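Should a chain be cited, it is by its letter among A, B and C, assigned in written order, with residues numbered from 1 in that chain.
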Amino acid sequence: VNDFQTLRTVQDAGVLTVFIDAPPINVIGPELIRDLIGLLAEIESQEDVRVVVFESTDPEYFVSHEDLARTAEVADPNGRDDTSLGMLFRQLSLARPVTIATIRTRARGAGSEFALACDMRFMSRERGILGQPEIGIGLTPGAGGIQHLARLLGRGRAMEVILGASDFDGDTAERYGWVNRALPDDELDGFVRQLATRIASFPSSPVRQTKAALNALTLAPSSETRSDVERYRTHARSDDAQERMAVLFARGLQTRSSLEADLGAALEEL
Amino acid sequence: VNDFQTLRTVQDAGVLTVFIDAPPINVIGPELIRDLIGLLAEIESQEDVRVVVFESTDPEYFVSHEDLARTAEVADPNGRDDTSLGMLFRQLSLARPVTIATIRTRARGAGSEFALACDMRFMSRERGILGQPEIGIGLTPGAGGIQHLARLLGRGRAMEVILGASDFDGDTAERYGWVNRALPDDELDGFVRQLATRIASFPSSPVRQTKAALNALTLAPSSETRSDVERYRTHARSDDAQERMAVLFARGLQTRSSLEADLGAALEEL
Amino acid sequence: VNDFQTLRTVQDAGVLTVFIDAPPINVIGPELIRDLIGLLAEIESQEDVRVVVFESTDPEYFVSHEDLARTAEVADPNGRDDTSLGMLFRQLSLARPVTIATIRTRARGAGSEFALACDMRFMSRERGILGQPEIGIGLTPGAGGIQHLARLLGRGRAMEVILGASDFDGDTAERYGWVNRALPDDELDGFVRQLATRIASFPSSPVRQTKAALNALTLAPSSETRSDVERYRTHARSDDAQERMAVLFARGLQTRSSLEADLGAALEEL
């Protein structure tokens, strides 16, 4: 029924599992964004989808980061403020079903922001890596990272995570509150499946109304999101960012390279 | 001097220890609520009560949960909004003395919300269990759980705790910020007694004014509390909740049963 | 170029390390405050100072606490509200460079509040001690502690830390969110140096604008800071505080004494 280029879906009772499958390394570019817009429209109208679990088909990347060759399109894929990536992720947070991110591998930049937009996040203790590398590239987090991390981690840790632009492993991400829990890799899928199935079995009205009540208490106002999008765009056009991205692309950015695998460390040598 | 049916009190210098003693398993029903209203009036006027510590006389339940046979009375024991259980717990948070919950065993639903309304919470690492099972019963947390958990745990963990409706042990509750600390069971009473005695020995004006300042920064506005009460009431009258509660009562709810002991797991099979 | 009496500075590329050196035990008195005011003016105008790291030259005290022999001057060193210690620390939070506190040893009262005003805090696991002893002395935290701890730790833990006035070790401070991390003492300097150097190497505009965005989301409004200053002043003049401070001074306060080393415990016996 759907016609996704970068997403594969499997429904089992009330749980829809969505596999992100955007080779070579799951960057968030216009294709994945278009598919996410379609997916959100779809799940909003399907009452039998109670919980959505996001996973990745890639063995190394949950979502690598925004497509840095096409930052203008990523910040504003439809050329209108209210369909910016920041506002799309905000819509994901407000979606009718409960959403869970299974972060088995790397999720950086907009990949981290995508996971932060979900209602819950569970991470592989051994293999998961989270990062907000933007500052080290001359950019700023533009799709919710500033808002979510300020609220979840508090001032000191949000400053460290965003201004330091380092990679974080599962245990540290859990201690900081970036994810709900880091779990042993071989328990991760089972834990998420059990939780998703459980929530999908509960009456829908209390789930839906309580999610809305929690959102009202914890989500940023859309004016904040728009302001972060604007700051991202300004910096994406800057000489600093253009120069740094050029160096990174020359060294293997957005390919299955050692630079991309170890992006946090690579930012120090620019 | 007092005439409590479900509370026993012992005063030692400035520390009043209040034992919850509402057989068979410490549900929060009209009797316990009436006693709590009386207790709050009493401690507000007794200047020599500086710290109140809440414990339980039951070997398995701190407070099991609201009396699910009498949800209408629990949500609104006096038939007026401003004396709902949510507003009563809010008054507990604002009480003149410092309040501490010693969660040795199970505290679910309104039992968890009672502990959340206290100024601090300490939990037995081996024996303590916290849960907000409401959603699994077709209800919603109606007495402060949504407000406190959103603020203490942040969006992701509050969603998991409330929408997942699972039981949580002491270590996880501590990591999530639901309690101040989980302590080894044989250190729990000593730790709380030492802290309570210490605070009771300090000058009263700084304690009182600083508690008020912290409350002003961290408590939900009463309009939020009232809105949660209203949502609870609506769901308590729903067919979903009525049917689920009927099944649970048939299986041993509100008795010293294996269903009640393991309530979190039991919700999956309804 | 500068003329500091209680601070020593060393600049290495974009990182300015500031050593607090106010014998005998680094109390925050008028001299240190005057130097901090000067330092803030200096770093604001020096574009090449990108990150400031605060350390101490004292082997036992990062900053012991406010000068309790001169509380009136500490609360309001220049006799004007907007130059109170609370507002000075607020200005530190808003400073152009990124600020990091390396808490190797003791930081209590205004020493803790100084660290809280920095953008990030890292603490020695073995040797670090944090405390807000004010309540036990008849005072209240007056320079940001109430605001920062309410936001970072949440209601329950902020109540415990401030009303309990106990000393906290590195592991507990980390678990509570008081510091970013507690690190093994022999890794502390290396970790902070690496992070500071890294941030200093990043383009300045994204760092500066993102710090400002995070501050806007997480700092208290100045009216709150002023209200805390006022509460502190009122209590500093109280008989309770005057009597307690007199006893503490008689027992060795503000000298390299066992009472000062173990101040948290000493408050119980007043």
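Just so we're on the same page, contacts are C-beta pairs under 8 Å (C-beta built on N, C-alpha and C of every residue); 3 or more make two chains touch, one makes a residue touch a chain.
Everything numeric here is computed off the predicted structure, so don't read it as measured data.
Undergrad: Graph of touching chains, which shape: line, ring, star, complete, other?
TA: complete
Undergrad: Given that chain B and chain C are copies and touch, would you call their interface same or different according to whether over half of its residue numbers are shared?
TA: different
Undergrad: Distance from the CA centroid of chain B to that of chain C, rounded to the nearest Å?
TA: Each chain's C-alpha centroid was found; their separation is 35 Å.
Undergrad: So which stretches of chain C touch two or more other chains?
TA: 151
Undergrad: Going by the contact rule at the top, pick out the chain A residues touching chain B in the complex.
TA: Per the stated touch rule, the residues are 98, 118-121, 148, 151-152, 174, 177, 179-180, 195, 198-199, 201-203, 205-207, 209-211, 213-215, 217-219.
Undergrad: Provide the residue numbers of chain B that touch chain A in the complex, in ascending order.
TA: Going through chain B, the ones touching chain A are 134-136, 138-141, 146-147, 150-151, 154-160, 162-166, 175, 224, 227-228, 231, 235, 238, 240-241, 244, 267-268, 270.
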